[in-house]
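Given below, in the form of structure tokens, are the structures.
Two complexes come next, and they have one chain in common, chain A, joined by chain B in the first and chain C in the second.
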Partner chain A sequence: MVSTIWFIALPLGLAFILPFRGLGHTKRDLTIIPLVLTIVLGGLLFLFRLAVTSPVLEGFVLDPPLGISFRMGATEFLFLMIVIGSAFLIALNIYGEKNDIFKGYQFPLIFSLFLTGAIGIILTGDLFNLFIFWEILSIAAYLLTTLEGKSRSFEGGIKYLLTGALSSVFILIAVSLIYYSAGTMDMVELGRLIPALPSGFKALIFLCLFIGFAIEAEIFPLNLWAPDVFEASESRAGGLFSSIAVKTAAFALLRLFFVLFGGAEIAGYSFFTVLLVLALATLIIAEFAAFHQSNLKRMLGYSSIGQVALALTALSLATESALTAGLFHLLNHSLIKVLLFSLAAFFIRKAGSESIADFKGMGRKFPVAGLFFTIGALAVAGFPPFSPFASKMAILKALMDGGHFIVLTGILVATVVEVGYYFKVIQVLYAPVEKTEKEKIKPMVLFSWFVPAALLTGLGIYPSVIMKYISLAAGALF
Partner chain B sequence: MVSALAVFFLGTHKIIRELLSIVSLALLTGLLLMRIVSPVSDDFTWQYMPGFFTLSFSLSSFGLLFALIAAISGLLKSFASWGINSKGYHALFHLMMGGLMILLSAGDYISFFLGWEIMTWSSFMLFNNFSSADDPIEKSQDTGFLFITLSLISALLMLGVLFFLYNRTGSMNIADGVAWLHGVKGLPSWIPGLLLMSAFFLKSGLLPFHVWVPGTYREAPHTFTAFLSAALSKVGIYAFILFFLPFSLNEGSGQISYLIAWIGAITATVATFKAIEQNDMKGLLAYSSIGQMAYVFTAMAVGSSLAMGGALFQMVNHSLIKLLLFFIVAGIIERTGKTRFDQLGGLIYKMPFSFIGVLVGIIALAGMPPLSGFYGKWMIYTSLIEKGWLLVLTGIVLPSTAAFIYCYKLIYGIFLGHPTEVNPEEAKEISPRYRVPSGLLMASIVLLGLFPGLILKPVNVLLSDLGMETLALTSQGSLNAASGSVSGFMVMNVFGGVFAVILILLSLFGKKAPTRNLHRLDIAYAGELPTEQTPLHYGRGLGHEVKRVAIAGAIVKRSLTEKYMKIGNQLGGILEHVRGFYPGNGQVSLIMTMVGAAAVALLIGLKG
Partner chain C sequence: MLKRILLIVSMVLLALILLPLLEGLGEQTHVSSLAEYYLSSGADDLNSPNLVTSVVVTYRGLDTLGEVTVLFAAAAGIMLAFKGLKMDEKEREKTQGPSELLASGASLLFPILFIFGIYIFTHGHLSPGGGFQGGVVIASAALLLLLSGVIPGVSHLMTSLLEALAGASYVAIGLLGLYLAAGFLDPRFLPRGEWSGIFSAGAIPVIYSLVGIKVGSELSAVLNAMISKGGEK
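And now, the complex of A and B:
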């Protein structure tokens, strides 16, 4: 019985069950629950791959376009793969290397809610459910930020809450406007109805949805919350935001541009240009701002903003090859950030500080962690033979096919800056120190680093392995 | 085959034992040599990213020359660094070799850039991560930062131009891009070409982009410095040849080649004076490297076949000399723990082998007959005269004469004069793992001096591949040009004869003056008694005087590195201001977000 509903029902049901069964006040270590959950979801995804070959559209309660419906095509499959894969790796890392804040029932609960939201946004076929899942994801994310329980994390959480509320308000306005004018919430149906609306009205709807999604997708000038939140939350929570929440927001943007506003053109003017300009500005400003960062988590946050903006630059070109490149880059970026944020958690715990200057010689003390960090840093900077090299080259090629030479120059300049700050970290990690005892690292943690690093390297050498799926996903958008 | 080779190298990067490392490098050298004997066509394409990139590899005769230089340097280098490296070092070194081979056999932009980048980051890691704890050379963060940023700027400048060429030609093949570059008319349309050239100049360390070289060479692991100088600095030359030769096809090339010739001459001058002033052995050799590379570029700018032959000869020769000198210097640093001239001195009795090695090295480096360095310079000078660029010739002869001073400093500072911080009684000859490759290198330098044809014959093949006239070689040992000819064999015999005559005369008639071994502080007729602290050593003073020479002084006193750091800091300041976009204050950022949303609305509203 393979059905898309399980992807939502499992984590959501888990979130409801968890507070009961006498677990409410336990301080027991329940970090295995998220791990099992992600494994089950991964298995489900695999089963889905085997059982279903053509895109699925399932309606519940009523048939689409009226009831709740879930769509599962190549694009959705790719994004589910990204979300569940990243969630699995982070859950594995948390299970392997526990922090006190992950004990008790809160973390598994928030984690399942977070996954519900992310998967829901990807699968849902109607706009109102998208809004609901958006809220679930956001609330779970606020909670994740405050998990550490320090005053700083509450400050970050409140900032996130306020900005996130702004995002929700915009989406809600758009949803009500759409329902008012079109009378349906089904996105495919809306894709047919919206072009008939008056152009001013269309622009307003587009604007509200765009601002709502762009806040979460960390597009400048709507991403001012992001560095603060990355700094305030535990590194691996930051990893969840970077590799899951932002990716779902990017997916929502894709839905907006390709499904709701097919071609995104109003009165002869393409909104893709707006996205291109904003994404380029985001990339450059984020990378520049990261350069002087002394806090590792904040630096990774900036870098995350920049990389997603790079992928969005490609997506905004709206050609099939550019989309392929952009989606590939999103996938690679998830792998990188899972790796780097888990390593950041490790280094921060070992050094007892978040300041980069305090990581002096850590790469010599923990050679394996240093090696993986180096791989991550090289990958994020787009060095071969790691997969972001391939996706970045593909993005640049797509840009040149469109003749966007200025954008290309901007990306290259941002890359120089990015390499500058990542290599400064590497220099610190390998700064000569007095000989110290090498410490053992738990195999589970090692494994959670090894998998993304191996994938980055493997996909960098043979990107053709995955290109088939990605170009299918890109093709399905048109 | 070549690409398979590269993959093989990537594959072997878990090598733990030195032996395996050497065997694999020897295998590489052997395979490359086999290609000379039996040229096979083994072009190779690879569907890297279906729909995006297909990588194509084929090794041209030029690529083969550079690959051979790299492979042999690598082989000698891993022999010299036997037993002192960790396994990560080997992994990175082989990765870098792999990158280099990919670069040299690349047929399209992506594989070219891929090789270039692999080489860049792995050499940075080698530079950054592997300094032994008892290394007397302090590493500074700035050097590494300068190295990686400038390398990257070079790489991305190149990438930008390559993608521009792709945009123009619609093809990723290097050959098409080269055709486009040679097809453009007039100087202004050469802008992409000039940008591309700057990227290559940066890699080879030409002025004004040389700032990363001295620090990097000084602070890198010693034997790796030898490899940097012998093989990696040649990559810029290879890329230059690949994209820009032959010049004469293009209309606007006259001014450009004149410009390059001057850049070469100025670089050589500045680098030579800087080298004279250096007090650090590796620093001196680094500046000398910059200067020698500059001659090659000047020669390539001249563009005649004599000049190209000279350039290639000079290049091969430079690799041999720098390997030799860096190996010996590495050996001395290992034995004594000292890196500066004023810390050494008087080591000749204890290190006769090293002394002879350095002697051979500097004679060849200074371009004095009868050793190999002479022919390269002779060819370059002759070609400049033939071309009529006499002013450039002056600019080349000046540093090449001044180079005698630093060559002298190299041998005097280490081996002659008074010993200072190192007690010569305790010193030992450099270890055999340095001696064996050095001996081979010395032999090959002498052999090339005898028979320059050993290099010039293959050079002729390369020249005909470029579509240029071949050099007039009458026999194995002699070379003809319009303005004269030179025979290595004869020169060597004459020198040998004169040397023998002088030796005989001296031993027959030279009276041995009565000598006494005195302590170095025992200066019988000095006005005041020197103490241990008195700087008696020649190495301390030599080079300081350069500051008082008119132009040279001005060059030596100025430091471009500081200027670059200043510019870097200014840029960093701008980046600091960008940070202001992210206030970190909740209220401010919320208000700014709303303003931002309004701005986005305006952007969309205005357009839509």
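And now, the complex of A and C:
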């Protein structure tokens, strides 16, 4: 039997060995390592495909609730698919088109740790263990931000470090309170024990965990750090944050709302309402802020905050159909942001600038890149036939069924704004310029754009291919 | 001014949120079922007199591996940040060599500290202390040599080799536990040994020694990067 621990042991073992590998060759090109790692992890995930219908529960040394355990059911499988899939596409893009900063052993090392953290958070069934993996993911994310080595990246990295530390402090307070009052760390067991706690205590624990996770999930008003971090890091590092770190935080929120506090009701008050209001506020503020950005990475960062908030609005409705829609949207959003951040890296390198105004005519000079950006922009704005159209419609339908018409109006307004700013970029890309020679793009890079674009189109036309898994994942949360 | 008021308001709010803790947290009157299990079966299970070590290395072994990783990531981050920072040549010339007294004192203390560090991590399953503590003692021995100027720097080749070997072996031992015993990081694939003997408690002393070596070399490398020059040449 293959154990779920391999998902951790492989990237971790690799990260431990890498500093020695890089010795004396600090600039040797090792970008193939992340690519191979993600392929191997993908193969490993394939071996666990049956976990979708028959969940795997694996205790280490002691069986749960006494010891640490890994759980893999339909929800975990879906999130692992998102994490490993996005990591693969970004590693492929970086392998195809590497800047100097990705050479040397540092990037593969940080990438492996980043994956270790994200996968660990998803698999573990133990709250303290989740906190540890949360720390690993966060530290890897700070390092990714500073990878470029400019003063701006260090500024972003330190901002990220400070907010991340705040998030960790809150989670740690909650973890110690939980252990004090319930005497165990196993999350399923805690789901049984927590309802019996006094409600003041419960509210405190819930708030601390919520603040801790929401900082990383970029929920307003705890997301002020995020745009700076997106601007400070290389585009594809931004892609890793947007498609992996934020999704992992959303998963942690699901654990909090559905496993630890089943129903999230404390003293007759449902915290799903709080999540709904905050997510809607995040969505609207982020989309309006994105409209005013002149820096492409910053704009994509705001757009990412908005899209995840949209998915969270759906998740906060806590019905099975809304959850299915929200999870589907999270998956779609990862594909979109992998594509758009990879393209942003390309345009920024070619233009030598991050300012949107400097991308004039890039779509004419590089027709294929322009086409893929247009696909990504249309997809994120929710145009058919791309899959976000299906997930957005499902979210709107769930809101309609729940009678949340104010939320629905808010989402529609945000979508209009979103269409506006993405079209502004497209307009610049296709602005007429004097005829320039067309340049060739490496096939590996083209392939790394083609895969997410094809998936967005394919899943838009045949959503049923994936819907089976997603509704199983949503069902497993109850 | 406004910023300061906002700061004070948010601090007061946070204090209010945390207020229930003052009355809610009393002394625990009973031991939880998990702690009960550790107390009643821990010693028999793993044959280690130091129950804290049993919990840290075995029952919560995955957490400890994670903590080692956190330290590793932080050290890697420091090396990354210090890369390219080079001490001015002039600055270097200005630094004086160690005085005779300091140099002999440090050279005398170093082997004692070093051996004490090794003692702490090899006896982690018998007495207080363990891999992290032992590693830190070893790093402080290295710090003494670096600060007193007895050695110009710690060899990066050596620290990175030790670090990589110890880290990889830690993961490998975890996997051995998975296939030869009850689960990942289960130490019972090695013989239990005699109660409170140095070769007892299965793989626990091996794991703690690896942690000690890893932490010691990692922290020495970090101190080296901070004191002498950039992390790497």
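Just so it is clear, the second predicted complex is superposed on the first by the 469 of 478 C-alpha atoms of A that agree within 3 Å, B and C clash if a C-alpha of one lies under 4 Å from a C-alpha of the other, contacts with A are read in each partner's own complex, and residues count from 1 in each chain.
The working rule: a contact is a pair of C-beta atoms (placed from the backbone, for glycine too) under 8 Å apart; a residue touches a chain by one contact, two chains touch by 3 or more.
Source: prediction; values computed, not measured.
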_Contacts of A:Lys98 with chain B and chain C, given as first, second, both or neither_ = neither
*Pick one for A:Ala15: touches chain B only (first), chain C only (second), both, or neither.*
second
*Go through the superposed model and pick first if A:Phe201 touches only chain B, second if only chain C, both, or neither.*
second
*Based on the superposed arrangement, let me know which partner A:Leu162 touches: chain B (first), chain C (second), both, or neither?*
first
_chain B versus chain C as contact partner of A:Pro227, first or second or both or neither_ = first
*Using the touch definition from the top, say if A:Glu135 reaches chain B (first), chain C (second), both or neither.*
second
*asked:* Touch test for A:Lys150: chain B only (first), chain C only (second), both, or neither?
replied: neither
*Tell me which of chain B and chain C touches more residues of chain A.*
B
*Between chain B (first) and chain C (second), which does A:Arg192 come into contact with in this model arrangement: first, second, both, or neither?*
neither
*asked:* Per the definitions at the top, what is the overlap between the chain A residues touching chain B and those touching chain C?
replied: 207
*chain B-touching residues of chain A, taken from the complex the two chains share*: 155, 158-159, 162-163, 166, 170, 199, 203, 206-207, 210-211, 214-215, 220-222, 224-225, 227-228, 266-267, 269, 271, 273-274, 277-278, 285, 288-289, 291-293, 321, 324-325, 363, 367, 371, 374, 378, 383-385, 389-390, 393-394, 396-397, 399-401, 403, 405, 408-409, 412, 415-417, 419-420, 423-424, 426-427, 430, 432, 434-435, 463-464, 467-468, 471
*Which bits of chain A are touching chain C when the two form their complex?*
3, 5, 8-9, 12-13, 15-21, 23, 26, 58-62, 65-68, 106, 109-110, 113, 116, 120, 124, 126, 128-129, 132-133, 135-136, 139-140, 142-143, 146-147, 149, 154, 177, 180, 182-185, 198, 200-201, 204, 207
_For the chain C and chain A complex, residues of the former touching the latter_ = 17-18, 20-21, 24-25, 28, 32-35, 37, 58-63, 65-67, 69-70, 72-74, 76-77, 80-81, 83-84, 156-157, 160-161, 163-165, 167-168, 170-172, 174-175, 177-178, 182-186, 232
*Once bound in the complex, which stretches of chain B touch chain A?*
10, 47-53, 88, 110, 113-114, 117-118, 120-121, 124-125, 128-129, 131, 133, 139, 141, 144-145, 148-149, 152-153, 156-157, 159-160, 163-164, 166-167, 572, 574-576, 578-579, 581-584, 586, 589-590, 592-597, 599-601, 603-605, 607-608
